[in-house]
């Protein structure tokens, strides 16, 4: 869609692009009508139009004909097609996450913003006073001076207005250093909040998956918590190779849902939800002893070798159980077997 | 106030703005007089004028008439109205926090500043020597060269003075990379300190609130500490909806002060300070079973679902108590009940 | 190689450089032939050419003669010699690590990228609408406007296109601040992921080394895990001085492999794999009592004084053992002795 | 010294500045002679001249007369006075710290540098190929193109060379985003390493101080470790006010060395090394009950209220002891008393 929006001002292919744009427009119009129409008895039409997604759908359709009616030239009108991008945002989980982070960290972020604005204003006023005489067309008014200040404080540095006096440059240098500081605070708050939110969401998702694995569900609660923090979710499509025979092994897998096939010699073995595999390479430090392929779309939980060792060290009884299972599998000359039989 | 300060240089509406500014000025003057006057017997007037807020109030009032008396044109004089912004800073908790962070991290920050200044000086001297011949008007003196260095080292890059020789550009490249490094140190120190201070302040606030909830107060001290780190404070106005029936539940609430109303069928139930609610959705993983609204301005402590699970796993007796309470509430066909009866 | 690539456009030394470049070219060609040729019976030739390193080797050899054949001037053709740099990347562990980080953090990074692109597009559209009238040659088309937006949002700030209207500048200021925010998120995610990956890789490496030291191998598993996190690997060449007599001591050493010589008076003592040294300075807080030099290429595990104290506090029996060994060494008037005798 | 170096190119005061500079020069010369001369029997003179500080002292003295002899004009020669700044670096602990961080994190930093250089070279080559035709004077050679690339990748953005083609701008946009990423990695590694080093150094310093306080020395080792991480060192001059009566109390103090005076009514009490004070305000949540002033230069260990609560919760016996001491002090109607009597 961006590609369509962007070249709409190129000279020759304009007609084709306009056709494409009208097609998109019609598609969105029809989508809106279908969503708003079918149940006239209930009040869903108005509810939908007033909800967030309804407003976005309306904004994708309404403004373009409106501005065309007013008499704005078509080139300009199609710029509004960029509003279609808003429809994409519904599919992006990151935006919801970012919203939550901003809401939770609102107070420190606001503090930094106030500091930013204070430095901005004082820098603007100082440069206005200092540089007004020398460069009236650049620092002659406070808004012009603030424009310089914002471009300097964010270390953007357009270079369209630059202080010339000695004192002005000293202040500019201090403003730049303050800019780095403000930036640092902002960075730190957002980055910390974002990663904390991500960990939190992963924890909640993994918790739901861990409780589906019988072998893990029977651990005592603190161990489940510890393990949930260690596991990483892996969603795989059908017929994907999970581990390949002979490659070095650096993690083991629990099957939360789906099914995998272990390519061992006499005949392949199928493992389904609740089983685990890949522990032999971790215990013995050698390469993978068999290739494993998913047969259904599967959700696996990955336990990294470093976390595996930490967890096994803290839970010796579990370690013994995993080792026994691995020994049994190797004894029967088959690399991987379902754990419950 | 910023809005008033900024457009004071626009042409036509100047008279109105001047009137507004004089009004503000009079307001601050009267405020100052009231604060300094009324108790002439005590020595508060001079104490107040010498305190931080007194100095700020004085600075908001004194300079403008002074510079007008000297004969500075009015436009220029009003620039001093930006000093009024200082009065706002008293209301910003972030500034106090930032001050504390800077005080605590003074030594590493000073170290980085020294590194910054050293790199700055050497870059300035090197470029002065290298570029002097080619661009005497830009690198002909050390201050000019240092101006280039500060604008490069902070990655602002105005582009008003740019090295032209090969060696000069190599050094400029190294200076930019050093700039990123210095920036990184600065960022890291400030961000770490700021977030540590925030956590500390939240801990102290939450500790005070936790001890008001009887159910939590009776925990053993390490558990209280653990919980205090997990809780998040939430201040709500009267008649705010806390949870909405049917929405997914991702946290439970303890009431530190105030009162909430649970909208259950036979008749709504009121919960006041010390009670908790919202635990049923967490225990059963389902949606909220009732809407809860505050009836008074309330302070709630929010326990997130991920922290809830960690805490319940570490404190099985408490988990049992919460589960029993939830079961009792559900049995009596009412979603939420006060815990103490 | 970079040095060769870069000055290839300087005037006089061109002939010599071309000779050098042809030498490099021949070297890579021969290397490619050797790798692809010798085993014609197996299918290694085609396998190799289709593997990642084969493709890189091909890209180092093929393009230059090809473009010379097409008739491109030699100067231009040699620019393709920069593809040789790709051969270097195979030796850089950091790139593999970075790849892993990007793969693991793909979802948050993609979220941030979407946020970045959304802000970019809206800033571009807004400035296009606002500045089109005043600066048609700079903001007259959306691509031009997006060019401004990307240069502003990344705080690069070329200054070739700068908004002139008041509203345009206000939006530009907001875009810069958003840029800092986006930047912060990006920074935070990458930096966190990179350092986590590094810790993980160090842990796996150290684990392998710790299990070679008998004194440490007999610890209980949680202690091994704790210690593995604390140790730092140090690879030293033959005849390197590890500690120097009289210097302050801030760490102790375990020998994972290799051999060291302790310069004590009657005759130097040799310590080999499994022994430890340097603990006396930590226990007594004094300077090093002897100089230690490696006699073979050695891998040491370094335990810092702060970690040493934490570990000894948590494992009093181990502390006693280390103290006894130190006392025995001092009693026999020799600073360091092999532990197993 | 910077002040002297910088304005040395201003017109009129040149003579005075030259005199100042010659004085400094003579001072450094004399210092060098004194350090190198007095013990001719030992080999300290040559040892000193070959040591790091000797080389720096030499560099402060030698180059200026040398270049004056060669016939360089005096203005230029004095630029070398900036080498005097190197003498300052010996007093900056941060530089040693930074050196350690860079040494420890050398491998990840080198990885990022290689990534940086790879992106740099490919961006330079790409823009050289794309923009050569349109802007031969800016992108006509690889070095020029690399200059653009380094200024863009570090987000400095001078704006002296800017891509004009569509594809060139797309690549420039990608380079800027890569720049943010590289920057982020760099920032993360340095900041993490720097703060880890600071924590480590503080731990080592605090450990030495904690063992001087009898009340803390008798804790079991893990508790000492925990407390050492919590304490913050505070060095105070003679007659400094530590706490002021009536102010809110947010920390307690242990005296590592020195002496303080507690201003209580009948007669002030002196507390010396090993005692603690300030715990009453923390236990009761009220304001400080007495003013405390140092009588000698003192080193205090500060325990913050949040850490105080965590520590007391984990060590109930210690909590009881502190509470008993506080109660005894209050009972005897004196706010603070030495603990050992």
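By written order: A, B, C and D. Residues from 1 in each chain.
FYI, contacts are C-beta pairs under 8 Å (C-beta built on N, C-alpha and C of every residue); 3 or more make two chains touch, one makes a residue touch a chain.
Quantities reported herein were computed from a predicted structural model and do not represent experimental measurements.
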Chain C on chain D, rotation in degrees - Cα superposition, rounded to nearest 5: 90
Copy pair chain A, chain C: interface residue numbering same or different (half cut): different
Cα-centroid distance, chain A relative to chain B, in whole angstrom: 25
Chain centre separation (chain B, chain C; CA means) in Å: 36
Residue list for chain A, restricted to those that touch at least two other chains: 143, 155-159, 183, 187-189, 191-192
Chain D to chain B touching residues, read off their complex: 2, 5-9, 76, 79, 82, 85, 88-89, 92-95, 97-98, 116, 143, 147, 150-151, 154-160, 182-183, 186-192, 194-195, 198, 232, 250, 285, 304-306, 309-310, 312-314, 316, 319
Contact set on chain B toward chain D in their complex: 104, 107-108, 110-112, 114-115, 117-118, 121-122, 125, 128-129, 140-143, 146, 152, 155-159, 162, 166, 169, 172-173, 176-177, 179-181, 183-185, 187-189, 191-192, 200, 203-204, 207-208, 221-222, 224-225
